[in-house]
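Order of writing sets the chain letters: A, B and C. Residues in each chain are counted from 1.
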Amino acid sequence: MMNAIQIPESTASREVIVSIGHLNKSFGAFHVLKDVDLDVGRGEVVVIIGASGSGKSTLIRCVNGLEMYQSGRLTVDGFSMPTEADRAIGGEKELAMIRKGVGMVFQQFNLFPHMSAIDNVAIAPIRVRGRKPDEARANALRLLERVGLRDHAHKLPAQLSGGQQQRVAIARSLAMEPHIMLFDEPTSALDPEMVGEVLDVMRELAREGMTMMIVTHEMGFAREVADRVVYIDHGRILEIGTPAEIFDRPTHERTKTFLSRVLRH
Amino acid sequence: MSTEIAEYHSIPPARRGLLIASKWLLQAAIVIAVAGLVIWLGLAVREALARKGIQFSFGYLGHVANFSLSEGLVPSFAVGWPALESFSPSHSNLQALFAGLWNSLKVALSAIVLCTMFGTLVGIGRLSTNWLVRNLCFGLVEAIRNTPLLIQIVFWYFAVVLRFPPANVASNWFGGLLASRSGVFFPGLAISERAGAASWGLLALAFVLLVAGVALRGLRLRLILLAAAFSALAAAAVVGFPLGLDLPVATRFGARGGFSVSPEMTALLIAIVVNSSAYVAEIVRGAIEALPKGQWEASASLGLSRSHTLRDIILPQVFRIVLPSLANRYISLTKDTSLGIAIGFPDLFNVYGTVSNQTGRNLEGVVIVMLTYLALSWVISACVNGINARVNGRRAR
Amino acid sequence: MTTLAARWVHRNLFAKPFDAALSLVIIPLLAWAVYAFGHWALVEAHWQVVGGSFKVLLTGIYPADQLWRAWFSVATLCAMFGAGLGLSVRPARAAMVAVASVAILIAAGVAAAIDVRSGLLTAGSAALGIAAWVGAHRSGVDQRIVLSGLLAGVVAIFVVLSPPGFEVWGGLLLSVVLTIAVSILTLPFGILLALGRQSRITSLRVISTAYIETMRSVPLILVVYWIWIIVPLLAPDTSVPGLLRGMAGFALFFAAYVAEYVRSGLQAVPRGQIEAARSLAMSTWTLNVDIVLPQALRVVVPSLVGQILDIFNGATLVFIIGLTDFLRAGQMILADPQNSGRAYEVYVFLFAVYLAIGGAITYASRRLEAHLARGS
């Protein structure tokens, strides 16, 4: 049983970028995502919260194909994401088309350690979109400026702090001009004093109208930036609504319990 | 429980069919290509052999060998029950190969035991607090690992073992050990004529009880078994102990008595033991150094001396880590016995060469020899994995 | 000064009773061993047996009038080695002085043993090597060009040395050229095997794994011998030189080990790297060439350099197919009745050269490992 998805008025008119219907995913015998329904409109910021092991990371990793789903409907940017059965026989082309339009920022940054910051940002446009190296590097420099790291363009990741690395990672995803950005706990691996600089960049992105799906524990940030908050519990979407509805007036017991534990500090 | 939604395929059926078909085609193509290559090879070889008038068959294994080996035992059923006897030219080719395998195993198994012991010692020595010991071990290990095994084998044979005194003037160490250039002699077991069935039976009983006492668990049970074993031994001694010591003696014509190890095997064994010990030393040293410093600090703060720390805390943990690397080393060591051909030691490879030269059966021979070495490697891996599992419990993989 | 020394001795040799006991046993033994060896080496040994047989030891039975080819190879090898060094090691003044002094010593030794001309040629080759080292480093030429140059060098050596026939190749030259050629040959084959082992295509995976496991279970000498036997049977009309058959055997054997090193290198690349690359829609080719391979090489290259030593030490096994490498050349010299009593001299010389080369390779491998690890 789940809430009927009430798409708020303002988003009802938005074009749907990600459409998830009756999504089911298992890791072997462990059924991790159960009948997930979620539509994300263009320019919308959806924040997904939940306890660890609830399946929230798995959900967004399904959106760009890092995890395979068994059954259901998952459409991204107009393309259908191949199911696990499809992937066994092929489906690489569809996957590549989808991934060009979806950006992903990881908890562990995953910058390429043997390349400088500017090369990290420029490599994908050069190799995947076929841009000329000079053009790509110039663009990379602009993106690094946007995240406040222009002076660090030629440093290796090992020479950057965690917050700086994560900002480079965001720039790297932006270089591919994605239609939607996915964030998998982007600040969880950062020392507290660096969380703010990354959240600032994300806030700026949201303000500019980027469609975002964010998994995070930063509730204050969620309240400020999210258009909708989704609470996932044991693989199901238990509650979904505006930040005010979820944080101030949660309806389910488990939502209340979770929030009370998390919001205490 | 999962929702009963029909599997949604994003790929249109036509394209899906194409993808599935092409995947199977690719697999089939590869299998056909490789099989084709192997078959072509087989046919080409068979044709080449036919041109020389030879057919691929294993029948030659039953033919008489007509050559002799300096050492090696073969199973024979001449006495009615399985026994081991020395190889002679009237034995078959197959028995020759078996003798070669026996020789290889003799060296390999002894070397495995010895190099583990010495290697661990040297590995610990590399971390000694004594500057001399530390650097001597380092120098030795580096000198051995950086030079070819073959030159070490040749050195031990020509420059050491063959320079031992001749057997008739060799001195007797500790009353029982004779090192000469025709071999090293050890005290052997001699079967006494007085032995009757009773004493043999008691001896066998004592042996079984001893093994049971070691293998089974439970302190009380063990003590009982060991006590019973000793009583059986004592009874055997009273009735007339069937075994005696046969001490080697240097006579004018050579050394007599005891059991002997040929000079070739002596040199090969020493060379392989020394060589593999260097590698084992590095494995052990690497494992000790890989342990967290916290282990040393914790035991020091508990007041344990360095040697106690090593014995009780460090080495048991190290033992677990080194087993896979040791397995690789044991396999390499077994393969190294094939270098015995350079000094005339009749190991498996040497015998294969002799048989092939005499019969022209290179291909059949190599199949047998390759399978044998594969089996040996597999057995060694399996044994070490078994020990690994026993030591580490279910955690080991 | 003396108190410093005394304190050092006390701390390092006599700190604990057990250590003291060990020292008391070892020091006299060591002193005796050093004295005995030194006395033998300087007084009793007849080193002329080595000096007089230099040509055989270094080039086997290569025809004396064609030795210019061997000198060409030596010079090319020095240049190649220097250029390779220039790729990663900075020609610091101290290092260059050390290398130059060693080279001068060797040249002087050669001059004393053979003739002045040979000594000059040796010095010239060493100078060429040092020039290549400095040149490759300073000019900043692209890595790929240097590597192709190395490949061209190996081909050139083969082309120049082969006219007198492969059967007359021998000695240290044979050992070195064989090692370099085999090391290069195993790379593409080993990488293909490693990729095959990771492949999603089951048949490819099974075949690759079976090949690798088989090669790791059987002795090198068996593989070399068997290939040497089987090739003439497969191609009875063409006569393939024994050396090339031997090289094929070595390459087939060591490729399996290269595959294993590459596999562990690939496994050392964190999964997150692959996920990040995939998220950026990188194709498998780009993923492997730009992201995985550079990171995998960090782990693989030191192992590969270590394998060069294994191949060099394994080259001694060519006796089984009738070739005369450095070790066998020494044994050939001893077979001459004139030299029969001088086994120790020859073996000590052989051992010293092997140790020098082996030590150098091991040292290079360790430096390379440290150099590569710096980036992480």
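FYI, a contact is a pair of C-beta atoms (placed from the backbone, for glycine too) under 8 Å apart; a residue touches a chain by one contact, two chains touch by 3 or more.
Keep in mind that what you see is a predicted model, and the values were worked out from it rather than measured.
Judged by the touch criterion defined above, the protein chains are all mutually in contact, each touching every other. This structure's chain pair with the greatest number of C-beta contacts is B-C. Central chain by Cα centroid: C, whose mean Cα position is closest to the mean of all protein Cα atoms. Ranked by how far their CA centres sit from the centre of subunit A, the chains are topped by B. Averaged C-alpha coordinates put the centre of subunit B at 29 Å from the centre of subunit C.
Note: centroid distance subunit A to subunit C, computed from Cα atoms, is 51 Å. Distance between subunit A and subunit B, defined via averaged C-alpha coordinates, is recorded as 57 Å. Residue positions of subunit C in touch with at least two other chains are not found. Partner subunit B is touched in their complex by these residues of subunit A: 22, 24, 26, 31, 34-35, 70-73, 79-83, 85-86, 89-91, 94.
Per the touch definition, subunit C reaches subunit A in the complex via residues 270, 272-273, 275-283, 286, 290-291, 294-295, 375-376.
Looking at the complex, you find that subunit B touches subunit C at residues 26-27, 30-31, 34, 41, 44-45, 48-49, 51, 128-133, 136, 142-143, 145-151, 154-155, 158-159, 307, 331, 335-336, 338-339, 341-342, 349, 352-353, 356, 362-363, 366, 369-370, 373-374, 376-378. Here subunit B touches subunit A in the complex through residues 1-3, 5-11, 16, 19-20, 23, going by the rule given at the top. For subunit A in complex with subunit C, the residues that touch the partner chain are 64-66, 96, 99-100, 102-104, 106, 108, 110-114, 123-124, 127-128, 156, 158, 169, 172-173, 176.
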